[in-house]
Each structure stands twice: as structure tokens, then as C-alpha cells.
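In what comes next, subunit A is part of two complexes: it sits with subunit B in the first one and with subunit C in the second one.
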Partner chain A sequence: MKTQTLFLHLSPLLIPYVSLFCAGVVLAAVQSVGLWSPVPLPSGLGAAYTRLWSSPWFYEMFGFSLYVAFVSALLATGGGTLLACGIWGMPALLRRMSVIYKATLILPHIAIGFIVLVFCSQTGVLASLARLVGMITLPVQFPNILYGGNGFGLILAYTYKEIPFAILMVLGLLAGFDRRLFDCARMLGASRVRIFFRILVPSIAPAMHSAFIILFLYAFGAFDIPYLLGESKPAMLSIEVYNLYFKRDLTNRPLALAMLMLMFCFSVLFIMIYSRVVSSLTARERKL
Partner chain B sequence: MRRSTLFVMLVLMMLLVSCGGQDEKKDWLGQDFETITEAAKSTEVRWYMFGGWSHVNTWVDTWVKDQLLSRYGIRLVRVPMDATIFINKLLNEKAAGKSTGSIDLVWINGENFKNAKESGLLTGPFTSLLPNFNALIDPRSIAFDFGYPVKGYEAPWGRAQFVFEYDTVKVDPAPRTFEELKTWIIAHPGRFTYPQPPDFTGSAFVRQVFYTVTGGAYQYMDGENQALFDKKSPELWKWLNDIKPYLWQQGRVYPKDSTQLDTLFARGEVDMSMSYHPPHAQTKILEGSYPNTVRTFVLQDGSLANTHFLAIPFNAPNVPGAMVVANFLMSVEAQLSKYRPSHWGDFPVLDMNRIAPQQAAAFAAVDLGPATLSAAFLAQYAVPEIPSGYLEMIENGWNEKVLREK
Partner chain C sequence: MKHAVLFGFLLLLFVFPLFVLVGYALDPAWRYPQLFPDHIDFRSLSFLVREAGPLSRHMGGALLYSLSAVVTTLVMCYVPARILARVPFSGRNLLEGFLLAPALVPPMTFAMGLHFMFIKIGLADTLPGVILVVSMYSYPYMLRALIAGFQATGDDYVLCAENLGAGRWTRLIRIEFPMLVPSIMAGGSVVFLVAFSEYFLVFLIGGGAVPSFTGYLFPLLSSSDRSLGSALTLVFVFVPLMLFVMMEWFVGRAYRRMGLDV
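And then the complex of A and B:
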């Protein structure tokens, strides 16, 4: 097929991608430097980047966002893989019933945020149940899950929402897995743990890696769950970007866009380095 | 060959559909009000306003819409959108050169008005064309919006004043000054908090503390003075940091906005809430979210008062319709309807000396409910808003000196 016809055929997809997404990234990059601003800016070109470079709060927020994203993606991928293997090992009837895991997939992230907020706050559903049973008498006696200062509420919400996604991706690969390898290894005397790590994981590893990258980068930059459950300090980067862009004076926009550009560059770098590392590790493994 | 032409046509169609039409713009600002009213008959007016209060939405969608339809034949379309979001939309439209937009009228004030005016997003000056504005409004009372000159670019709609809300069962008596509030907070650790600036209500609370501890608001009315702020602000940070360990969650976490604070108050996690709207507590009692023992109080050191306005974007497709709606909303009937607590309870913006005595009596006769303090009472403690450049300094300073302070 000629390149021209190829472009024509792809154009309904390419045009929105280039004009909306790529143009958006270019606009953000240009405005983050200080050009094309709707109001006159007090500082020179690139001032936003120098200001971020010397702001300890930016590094703190960056580190916290990385921590929340990493822990929730790890828990979701690990938990999702174990659950997927469990589902795959179930008899056929139970396996068909297990499709209810997809219920959480349908709910939007913000609904999960609400669920966690309503259930886990110190005057929420669980606390009320505890009071009813007689375990506590005052709200402050209920453990401070959401606002303990370690991002636990965020991690809980992200993990709960993302486990079904990991299950979905891993089950997709497991469907094509040959059960006879499993039976053969059992006959040769391998323990279940050994089978899991040496046979199952290498074949579902591509799904696990993809799920981890997607979930990590999503949790790193998402706005909806931190808006409901996030704390003031430590805070996630996306909330600070929102505040700087929408709620403050227009002269703060380059700063918000500079943060966004740095997040974007980090995401791209992360994917490149992660893929490089994973392919170099798998190249050394013995293929069956 | 035929398939490629089909694809080319599809692509061209997509591009054409996304481009808007460019109409000729008539200069409505030079016409008289009769011509404008004639041109506005049987047209559609799209009004973009904050949609977070369901009782206000209901009032606009029923009473205001019906009145406009029966008086002028105008079809009002209310679109819920935060001010910061539609300002962003207008900025993008201006940068893209879109001369006919989709917003006719907006509900706006304060920092958002300043941002919009400075970026050239508004049509005006237009208020001198509106008969109700000329007859019923005291021009001195609305000359400034957060210390920034209005110059006829927005029409006043209602007044707001900052009040605190408390449950009389849990807090008795209510503190009367900021000193008493500070003593109460320290005596009741974990039972008070304020929304995190740059939220509108949280920012207002911090501003009030700023006035009180630095000697009043009037010293700041002369434009933005960084040196003055640097000299006076340490007192503010000291007060806020003094109460910080005794706040809810030891001051590590602040509710994101006033809605979250209201939820904490309604659920009993904190004992006081705050609102920039005096009728807010009564509305919540009527809704059933607050117990009916909730009352409001103001601190004698002063409570922020401001006016909220209506403005017309630069690319409004129906400028005469927007002007007729803005004029109607300033009329005695509309202001009285808005003042009723069953509709909204928002304070009127009319000058009581300029309206007929029986109409003024009608305003005085409205029963605001037990939780709302009367406009006359609140007016004693009203202090004005300072230029919005100080807001930026306060919000920056709060992040550095209060939130990130160890």
C-alpha cells in the first residue's frame, strides 16, 4: 500500500491525535516557557522551570506522587496476577461466576473515590458500624485511614479500582496458556510456588509489565481520586497543577504548565527505560 | 481511486464542521434600550453560572425562566460551569480568534472578573444602558470589585457577606472576636478547620484574619504594595501557625473546598463551618443536611462583604438578550424573589433609598429564617475586599509559611 493511501486511511484517527493531543502538548510546552500568555508575565522566559528547580516542595510532591503510584500499581498488578491465576485455576462454573470482578471496572474512578471516602472516613459507614457494635464511642477512635499522612486512602482507592484491570489483562494472556505444561510440571514433582514463578509468570510477564506501566503512569498523573481523597501535605502533583492553573492568578499558568511538561517527560522516559530494562532481563532467560 | 476521494471528503468535512461561522457584529453598546429590547424578543440567552447550589438552579430554571419568557419571549438556557472553567474557555476562544462564542451572560466577581477584564474577555461598558441600573443602584456601592474598578463591565446582582456557622448545642456561646475564636480553638482541639486556600471560602477566612491581626482592611485599599504586605504578614502567619496544632487533623490536612467542610460539619467531625453566603445555613437546614439548631454568627472584628455580578463575554452571540436579562435581574421583582429563603435568600443589591416605600417594606418583611442574620445586622460589621493582588500574595505565603511550615 502506498504511503499516501495509508495516511488517508489512517486520517480519521491521526487528525484528532495530532490536532488535539500533539498540538496540546506543543501548546503546553510553549506556554510553559512563557510565550503566548494571555496576560503580561512578570518574569522572563523559562522562569517557571528555574523556579521549579529551586522549589523543595516540587521534589516532595514528585516523590510522593511516585510513591503512591508505585505502591498502588505494584499492589494492583501483584494482587491482580494472583487473583487471575486463582480464577484460571477454578472449575468452569465458578470461573463464569467470577466475572463480577468486572463490576469495579465499569465504575468511574471518581465513584471509587466516593466509595472509599464514605466508607473509610472517621464518620463514615465502617466507623458507624464499629460504633454500633460497640468497638468505639467517638469518631477520633476510628483509625485515621484517609488522613494519616501516608497516602493510604489514595493507595486504597487506586488499588481497589485497578486490580480488576490487572486481572483482565492477565486473564487475557492466561486464556492462551497451555494447561498441559502445568500438569506436566506437577507430575514431575514441582511445588505450586515453583510452578507459579518459573512457568506461569514468565508467560504472563508481558501483561504484567504493560499493566504495571499503565497503572503506574495513570496513578502518577490522575486528578479525580486525589481531588476527593488527597491530603494537603504531602500533596499529589496533579492537584497543585489544577490549583495553579485554574484557581490562582493567570500569571501562574507557566508554572502549572512547566510541572505538566516535566510530568510528561518523566512518563515518556519511564516507559523507555522500563521497556529497555525488561527486554534486557528477558533476553537472558531461557525460553521453553 | 473512489475510496481515496471518499476519505478526502470525510476528512474535509471533519475540518469544515469544526470551524465556526463568522457573523457581522452590530455595535449594541451604542443603541438605546428600546432597540435592544426589541432585538432581544424571542431570542435565546445562554447563561453560564456556578451550578453547585441546587436551590439556586431550581429558582433560575423555574421562576426566572418563566418570567423572561412571559415578559420578553426570551428563552433562558442555564449552563452550570465554574467561573474558572468558563474563563479558561473564553481565553482559548480569544486565542483561537473565535468571534462568535456560545456564552451570552456569565455570573462572575472578584479575581475571575479581574482576570477576564485584563485579558479582554468582556464586552462593555454596558451597565449605563440598563434602566434598572441607572434608577435603582447606588453607583458608589459597586464601583469596585475586590478593589478593582468595575467601569461598567459588569452589572451587580447580589451581595454576600462572610459568616460562620455553628451548632448551638455544641458551641455555646459563640465567640465574638478572633481572640475568643482562637481561645475556643485551642480549648477544643480537632474541632475546627478552614478550607485550603486557594479555595474561595478558605481564602476569605485567611483574609479576615489578615485584616484583624494587622490593623484593618483600609490600609490596603490603595493598590498592591508588596513592601506593606511583607511588613504586616508575619503577624498573620503567626496567628495561623499558633492555631495549627489544634485544628482538625492537627492542621496537616485541610478540606479542599467549602463543600467538604460543610460535609465535615454536617457529620459532626468539626463544630464550626463558614460560608460566604449568609442564607447558606438556613438552606442546608431546609434541605435536611444540618440540624435545625444551627445558627450563624459574625465576628465583631469585621466580616468580608462583597457583591457578585453579571458580565457579557466579548464574543457573546446575543448581546441584546444578555443585557435585557441583566436588567431584569436587577429589577425589584427579581431581587425580591431572589431574597426569599424558599428561593435563595441572597441579599439584594438595590439601594433601599431609591425604591418605593412599599417595595422597601416588602424587602423588610421577608422572613429569612432563624439561622440567617439580617442584612442590617450584618452591615454593621461589613469590611470591604482588598485589591486582588493581595490574594495572590496571601495564597503564596500561606502555602510557604503555614502549610509547609514544620
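And then the complex of A and C:
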């Protein structure tokens, strides 16, 4: 195929990609250095970046967002994988009925945040349960999961929302897995744990890696759940971006966009490093 | 036995919370420390009936831009996916990686840049603007599903039809497209769900002028009235669920008519 024809055939995607996605990122970058500002800026070009560089709160939020995203993606990928393996091992009828896990997939993030609120607030369903069994007598005695400042509410919401996604990804790969490998390993005397780690995990690892990357980066940059659960100190980066962009002085806009650009660069870097590490690990495994 | 336990756990994890929401919707007075709702009150349900107008306007708006996003992403991705699946050229993997990026990087970055551009060219606060930005964020799912579909089906049937004298359009409509329907459905469902449940992008680009169900839902979820929030969340589950059931049914019937079993 000639290069021209190739480009022509790819153009339905390449044109919107360049004119919307790339242009959007470039426009964010341009505004982040302080150009095209709606109001005259007191400081020079690139001032937003130097200000972020020397702000302890920025590092704190960055670390907090990383922590929430990492823990929730890890829990969701691990839990989802285990559940997917369990579902896969079920008899056919139960397996078909297990599509109920998709209920959470349909719900939007804000609804998941709401469910977490209903269950885990200090006057929620779990608190009522705890009172019934005599663990607490007053709502304040119930652990402050949502606003305790350790991000547990966010982690819980993201994990809950993302487990079905991990199940979906892993089950997709398991569908093509040859069960006879299992029987063979059993006959050769492998233990269950050994079978899980040496046979099952390597063959579903691609799905686990993609699930982890997608979920981690989503939780890192998303806005809906933290906005609803509203933990403000420490805050997720996206919430601070929103506050800077919409709620305060227009001169703060470059700062908001600079934060977004740093998040963007981090995400791109993360994808590159992660896929590099994974491919080198699998290459080493093949050699063994 | 252990399968039943696992199934019970799945029920507890994924279905039980919906029943708790039903409880809240039916009993607005249910609160700590009652463990179960103890009476039925149709206050929240009568709100749904009273608010049927705005409710259906927002639901209709959300369905409109979500379904439009499905069609838009399909049109955007169909031919490029065929190329990416079938034609080897240098830099193909790299290009595919770049094209999948919009689903991974924080959507706020490009959306806030685009917001600036959309204001200048008059697309901000309009339905086409929302459809474009939502499609831009969700098309990678369609692209990935289509590439996988094209790879799985191969081009043998299409070549065979070509040899038998079928024209370009006949091949597309009678051979290629029907074989790809499962992939399109898979990709389309994800695109639909992503678009339908997106709050921030629609809020940013639509600016409140484009009705969206999430935009309608949000103030109610963050208010202290858990009953209303529960009722509307259930509506939220119900509508896409019905859509999926209908789609499965239609496609299944169409396939059986063609004598295929899917």
C-alpha cells in the first residue's frame, strides 16, 4: 500500500486526533506557560511551573494522588483477578449467572461514590450494623473512613468501581485458556498455589497489566469521585486544578494548566516505563 | 459448595448495594441506627413522577450524546482499524499506542485546552461540542475492539466474495460488517457507558446548556437527601440495562434469522 493511500485510510481517525486531542494538549501547554491569558498576568512566562516547583503543597497532593491511585488499582487488579479465576472455575450455570458483577460497571462513578457514602459514612449502613452487634454505641465511634484524611474513602470507591473492570479484562483472556494445562500440572504433582502462580498468572498477566495501567491512570487523573466524596485535605490533584481554574482569580489559570501538563507528562512517562519494564520482564522469562 | 459461597459473595458485593438503594428510595425516613427500612413512603417515587419532564429531558439528552458518540467513534475508527489490523507498515505499533493514549492520559488536560478552542469557535455549550469531546475520550475502546475483530475474522470471506464478483459495497454490507457486529457491540457498549456516565467533560464543555443525566444526578447525590439520590441512581442503572437487554435480543434475533448461532 502506498503511503498516500495509507494516510488517506487512516485520516478519519488521524484528523480528529490531531485537530482535537493534540490541539487540546498543545493549547493547555500554551496557556500553562502564561500565553493567551484572558487577563494580563503579573508574572512572566513559565512562572506557573517555577511556582509549582517550589510549592510543598503540590508535592503533597501529587504524592497523595499517586498513593490513592496506586493502592486502589493494585487492590482492584488483585481482587478482580482472584474473582475472575473463581468465576471461571464455576459450573456453567453459575458462571453465566455471575454476569451480575457487571451491575457496578454500568453505574457511573458519581453513583459509586454515593454508594460508598451510604455504606461507610458514620451514620451509614455499616455503622448501623456495627451498632447492632455492639461494637459502637455512638456514630462518632465508627471509624471516620470518608474524611479521615488518609484517602480510604477514595480508595474504597475506586476499588469497588474498578474490580468489575478487572474481572472483565481477565475473564476475557481466561475464555481462551486451555483447562487441560491444569489437569496436566495436577497430574505432574503441582500444588494449587504453584499452578496459580506458574500457569494461570503468566497467561493472564497481559490483562492484569493493562487493567492496572488503565485503572491507575484513571484514578490518578479523574475528577468525579473525589469531587463527590469531597475530602479536601489532602486533596487529589484534579480537585485542586478545578478549584484553581474555576473558583479563584483568572491569574491562577496558568497554574491549573501547568498542573494538568505535569499530570499529562507523568502519565505518558508512566505508560512508557511500565510497558518497557513489562516487556523486559517477559523477555527474561522466555529466556529461562 | 465453594462455588455457591463465591456466588453469594458476588451477590453481596454487586447486587446487595442496589437493594439498599431500593430501601432508601422506598423509605426516606430510614436512617441510623435502624438496620432495615420499616415502612414504605412514596415521597421519592412521587418526586420522580412529578419531575418526569426534566428527568426525561436529561435522560434523553444523555442518551442522545452517548449514542451519537457510539456512531461517531464507529465512523472514525472503522477504516483505520482495518488498516491497523491488516496492513503491515513500519511504526504501526507506535502509531496504535499513540492513538490509544486519549483513554489513558487524564482527560482534563486535553479537555481544558479544547474548552478554550471551543469557546473561540462557538462549540462550547453545544451538543456537537459535547459529542466531539466525549468521542475523543472514548474512541480508543472502539478502535481496540474493531482491531481485535478485524484480526479475528481475517479477510478470507471478503476475498471469496470478491472473487465471486461482489462489489465493494456488497462486500462491506453483506460480508464484512455482519462479521464485525460482535466487536462493534463490545466496543460500542464501552463507548456508550463511558459517555453516559461521564460527569466532568459534559459539565465542562456542555456548560449546563446540554442536558445530561449525570449533571442532573450530581446535586441530588451530594445533597443530604439519600432517598432521592437512591431513586435516581436506580433509574440510572435501569435505562442502560434495558438498552443492553434490547440490543442483545435484537442482535440475537437477527443472527438466528441469518441462520447463525452466536
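Methods note: the second predicted complex is superposed on the first by the 272 of 288 C-alpha atoms of A that agree within 3 Å, B and C clash if a C-alpha of one lies under 4 Å from a C-alpha of the other, contacts with A are read in each partner's own complex, and residues count from 1 in each chain.
To be clear about the criterion, a residue touches a chain if its C-beta (ideal position, glycine included) is under 8 Å from a C-beta of that chain, and two chains touch if they have at least 3 such contacts.
Since the structure is predicted, the reported quantities are computational estimates derived from the model, not experimental observations.
In the superposition on chain A, contact of A:12 is made with both subunit B and subunit C. Once chain A of one complex is fitted onto chain A of the other, the partner contacts of A:193 are absent, as it touches neither subunit B nor subunit C.
In the overlay built on the shared chain, the residue A:139 is in contact with subunit B and with subunit C. Of the two partners subunit B and subunit C, more residues of subunit A are touched by C.
Look at A:241: by the touch rule set out above, it reaches subunit C but stays clear of subunit B.
Of the two partner chains, subunit B is the only one touched by A:249; subunit C is not.
Once the two complexes are overlaid on the shared chain, A:233 sits against subunit B while remaining clear of subunit C. Judged by the touch definition given at the top, the superposed model places A:129 against subunit C, while subunit B stays out of reach. Within the superposed three-chain model, A:92 lies out of touch with both subunit B and subunit C [touch as defined at top].
Once the two complexes are overlaid on the shared chain, A:24 sits against subunit C while remaining clear of subunit B. On subunit A, the surface touched by subunit B in one complex and the surface touched by subunit C in the other have residues 9, 12, 36, 123, 139, 227, 230 in common. Against subunit C, in their complex, subunit A makes its touches with residues 1, 6, 9-10, 12-14, 16-17, 20-21, 23-29, 31, 36, 83, 86-87, 89-91, 94, 97-98, 100-111, 113-115, 117-119, 123-125, 127-129, 131-132, 139, 163-164, 213-214, 217, 220-224, 227-228, 230, 238, 241, 245, 256-257, 260-261, 263-264, 267-268, 271. Put simply, subunit A touches subunit B in their complex at residues 4-5, 8-9, 11-12, 15, 36, 38-39, 57, 121-123, 139-140, 144, 147, 149, 227, 230-233, 243, 246-251. Contact residues on subunit B toward subunit A in their complex (touch as defined above): 4, 7-8, 10-11, 14-15, 82, 84-85, 88, 91, 94-95, 111, 115, 118-119, 190, 196, 198-199, 249, 252-254, 256, 264, 267-269, 388, 391-392, 395, 399, 403-404.
Taken in their complex, subunit C has these residues touching subunit A: 3-4, 6-7, 10-11, 13-15, 17-18, 20-21, 24, 31-35, 75-80, 82-84, 87, 89, 95, 97, 99, 101-114, 116-117, 132-133, 135-136, 139, 143, 193, 196-200, 214, 217-218, 221-222, 226, 229-230, 233, 236-237, 240-241.
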